[in-house]
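First comes the structure, then the notes that go with it.
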Amino acid sequence: MQRYVDKLISGYVALLTVAMVLPTVVVLIASLTPREYLAFPPGGLSFRWYGAVFESGVWMSALWVSIRIATLVTIAALLLGIPAALALRAAKSRISATLQAVFLSPLMIPSILIGLGLLRFFDEMHVRPSVATVAIGHTLLATPYVIRYVLAGLAGVDPALERAAGILGAGKWRTFSKVTFPLMRHGIVAGALFSFIISLDDVNIALFLSDIRVVPFSVKLMSHVEQNADPLGAAVASVLVLIALAVLFVCDRIAGIDWMFGIKGSRHE
Amino acid sequence: MQRYVDKLISGYVALLTVAMVLPTVVVLIASLTPREYLAFPPGGLSFRWYGAVFESGVWMSALWVSIRIATLVTIAALLLGIPAALALRAAKSRISATLQAVFLSPLMIPSILIGLGLLRFFDEMHVRPSVATVAIGHTLLATPYVIRYVLAGLAGVDPALERAAGILGAGKWRTFSKVTFPLMRHGIVAGALFSFIISLDDVNIALFLSDIRVVPFSVKLMSHVEQNADPLGAAVASVLVLIALAVLFVCDRIAGIDWMFGIKGSRHE
Amino acid sequence: MSLPLTSQVFLEVEDLALSYGKSAFGLAGASFSARKGEVIALLGPSGCGKTTLLNLIAGFLVPDHGSIRVAGRSLRGVPPHRRDMAMVFQNYALFPHLSVEKNVAFGLEAHQVPRQEREPRIADALAMVGLSDSRTRYPRQLSGGQQQRVALARAMVVRPSILLLDEPLSNLDTLLRKSMREEIRQILDRTGITAVLVTHDQEEALVVADRILLMSNGKIEQIGTPEEIYERPRTEFGARFMAVENIMAGSVCSGDTAGTTVNTAIGQFKCTPCDVVTGANIKIAVRPERMHIVAATSGSQSYENRVTGRVVRSTYHGTYRRLLIAVHGMELIVHAPVSSDDSEYSGDVQLTWRPADTHVLLQ
Amino acid sequence: MSLPLTSQVFLEVEDLALSYGKSAFGLAGASFSARKGEVIALLGPSGCGKTTLLNLIAGFLVPDHGSIRVAGRSLRGVPPHRRDMAMVFQNYALFPHLSVEKNVAFGLEAHQVPRQEREPRIADALAMVGLSDSRTRYPRQLSGGQQQRVALARAMVVRPSILLLDEPLSNLDTLLRKSMREEIRQILDRTGITAVLVTHDQEEALVVADRILLMSNGKIEQIGTPEEIYERPRTEFGARFMAVENIMAGSVCSGDTAGTTVNTAIGQFKCTPCDVVTGANIKIAVRPERMHIVAATSGSQSYENRVTGRVVRSTYHGTYRRLLIAVHGMELIVHAPVSSDDSEYSGDVQLTWRPADTHVLLQ
């Protein structure tokens, strides 16, 4: 009986796994077609469409714009989010709960609205679309994630450890740099990872805050696939996935990714 | 000294709070303009553009499509996500960590890619765009959130409680319904909330998987604001926010929202 | 090691084993039995397998081999909820979302006790632990001691055939722990229930149990009544665990049914009788409170075993004074009664103890 | 309640208070002082304010009023890291991301001890706790007892002026707790450090401390040496907490410097002298192990206070037998030595105890 249930669960989990990765796999395979149209099965194997992406000045400059934006966003979101998380942790629990709700509210708000709101705001201020305006929009989107992950990282830091550092002679800064920071590092890395990828993938906000002179990669991808069904779009989307995987790999080197996916606790518990 | 730091932190937190809610507030206020064009400050106060939304058959049918999709997505994501989370919890920690990474991977994948992949897949299968195709796309996006929140909810359920129920004579089903479920309820409600709102707000996937006969609210909003700068778009975006708030309110009634925003633990700890 | 089967045997555990890796701590072939109404303590240090054994009895773990029988019926394949047992958990495991009365009612509902029968049984159980006034409160509103009582009431109310207790008192303060163990003993006596108690606390086992299984490294070291376990440890582990702190290596000089004589580094001592051949290397053990101090100068009452030593350190423990005494390079621990004149516990002293308190240990 | 100021006074706490709400448990005007090298135990049940007092001394909490002085210098406004103290935490609070040696080195680096001086001090500290072989291991790889030792080494290595210990042994097994408290006492003795120990365990306080502050409800109930606290409890709380289980209400019959005579429901008893007026309602307390059984028939040695009763229950505790004895409707607890013939502890017995063991309690 128990064995039967175990098999059922295994089967179910396997099925769900396939469903989850299916779209990605379809696009990755389709992007390798040698044909002129998007085909699945691809009917061959070729890097021809990747070549087209990497040889195109327009696509490469869009990619460069996106990477610049994502880097700015990551830095800004960390600079805003880490102190906010530390303040929330120190605050009384009632105040903290309210502020957490406020800070995390962008998770609940349609990104179109954030784009629209900032567009109006920048218009009023006579600020012209640029890498910076897109980055500001994405930072609003990314900061809640940083706060969330850093708070989760801090939750694993027993305050007794900071007291122990204090009574052993460590001032606030030494306590933070030698005890708190190393123990919450995972949270910061996870926040940075998500910030980067959110910025890289966003279309809705970038659409409002960029213009013809500043076209991020994902916006260009969106407008491309809206008008064309060629394999170039699949190749571009695959490039996005590959960049995400590269960033993930770097983060894994720094802090171990098992932690990011949640629940099962940090390695230091 | 300490007081000075406290004030600095308070000020910083206040500033960040303003920045976070700024775009939303700008749009909400701008949507109340009586004028023909999107103005901030609005130069008056009127529900004229809301009237225009609610009196328009096109907008209302789009809203109805969205709500149907979001409801389907919520149900499907819960049906898929809850058993997956239970299986992940029961699995050995090494297997579980790997599977969690797989299940949560859609969080890392650009939604454009998911849309593109499913579009190709449905094309191959000769499935025509419908409410169901959009719902399937959103379910792929929403299920990882459900798994994540339900796992977080389960993390607060001490396995000793389930053993206690068992030795007191409760079979597997009674133990689940009387002990595990009530204690993980928050996680389920949070997962449902996020599923609903993700579906309501998504544009990228819906764009690929819908067609002219099935236009979700947010897709219609996107195409509207791409072409018009009138206050109607602001009013529509505000309606989305109001729906999100309404759902949030319902969830709060069911399970208390303080829990959703994370970290500070459930009321039963 | 199991008792002979009699008509009274109620719980029988035979050669029960679980390899390390399947549980945090393994168990290697444990056998014992309990009569109806008997309270058995599984006593040992952390990691000795006592909790594994309890979880096997409860059905939370499945043994590699061996059998468990209750009233002659094998429990192989029977899930926990059909074993007709109840358990008090170390952290109480009260349902946090249910009130005290709902916690207690849980088992009655699960066992489908008729509705009209439930109320009086809940009232009785809560009265038994003195918590009739706290019915509508929630576990988080209770102190540790009160939570402990609710856990006990919740387990007892289902009238289990066997009650399992997993370190039920380890989360309580010293004082509360002492009074709760008396109370638990009385409740067990009054209800005549068969119980298995897991504990790492020697005194708790002595006070609560009818019989003690002393465990170490996944094995049963000794089974016996509290008196047997305390007074006659059979192995060095048992002696150390029961706080017999003076253990000396020696060789057997002579032995008959009246007693054994053993040569040690600090002299020749008379011991309890045992079947060890002359010349064998063995260890002997003497409890600190069974060694008596006689001031070197006085000629007061003394026993057959005697050595002279020097007090190295003396600590006050309230009921007794703990003395570290150097005897020819060996250190002995003596617990001496606190007297108004502690000067007799300094300098050179004579130590004396009875042969009956000098135990030969199995290697 | 504070000792007279002498040149030796090192730590002085005066009227220190923190209202409930600012900390989990409040503290109402505590005063005491400690001489250089003295070990003070803050003893009391959970919630009595002992940990609050320790955290105030450490500087983790800021008092509402009152002062703390070390060697004459006020610590008002001095943050924890400038107090030149060290602390051993209840859960050890070892840095999980640092190896054992890095944990121990932490305080030396924070205090900017020159690099060449650190290595020998780390080696000494680890040798002191017997962990020289575990330098490169991480806290999670150590047993509870080893973690405890690392915490001690980490605190001692900085040579603090005052060592604070917050329930350092409460997470250990009974047997390990007993041996660790001896070891801690020896390390404190050897280093001559001034220490404040928080504990809820009576015997731990008796063994480790030079003086004990008995606390209850945020107040100091009694300050004294282990002997004073154990032998001469002054309040009913103190008596109960120190396991003086026989407490009887009565009224004073007569009294002089030689002793007091008190009338109780079960007879008239001679007590220790005290300044209570004749006729006053008071309570008297006698420790269970200071009541002696004389079989009703025999004529063996007995003391001035005497009653006759009936053994209701007898439990075996190894070192002693705990007897519940009914005396004219009152129940007395007696801890009697375990004898080979326990039959004398049943039926009607005569109880006897010394006036010196009969304490009059302050109301």
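Read from first to last, the chains carry the letters A, B, C and D; within each, the first residue is number 1.
As a convention for this text, a residue touches a chain if its C-beta (ideal position, glycine included) is under 8 Å from a C-beta of that chain, and two chains touch if they have at least 3 such contacts.
Keep in mind that this is a model prediction, so the values were computed, not measured.
Look at where the CA atoms of chain A average out and do the same for chain B: the two points lie 17 Å apart.
Here the spacing of chain B and chain D, counted between their Cα centres, is 56 Å. Annotation for chain D: no residues touch 2 or more other chains.
If the chains shown are joined wherever they touch, the resulting network closes on itself as one ring, and no chain has more or fewer than two partners. Pairwise, the chains that touch each other are A-B, A-D, B-C, C-D. Considering their complex, residues 9, 12-13, 16-17, 19-27, 30, 38, 40, 80, 83-84, 87-88, 90, 93, 96-97, 99-118, 120-121, 124, 140, 143-144, 148, 151-152, 155, 194, 197, 200-201, 203-204, 207-208, 218, 221-222, 225-226, 233-234, 237-238, 240-241, 244, 248, 257-258, 261-264 of chain B touch chain A. Residues 58-60, 79-81, 83-87, 89, 91, 93-97, 106-107, 110-111, 140, 154-155, 158, 164 of chain C touch chain B in their complex.
Within the complex formed with chain D, the chain C residues making contact are 45-46, 173-175, 178, 182, 185, 200-203, 206-207, 226-227, 230, 241-243, 289, 315-319, 322.
The residues of chain A lying in touch with chain D in their complex are 158, 160-161, 163-171, 174-175, 178-179, 182-183, 268-269.
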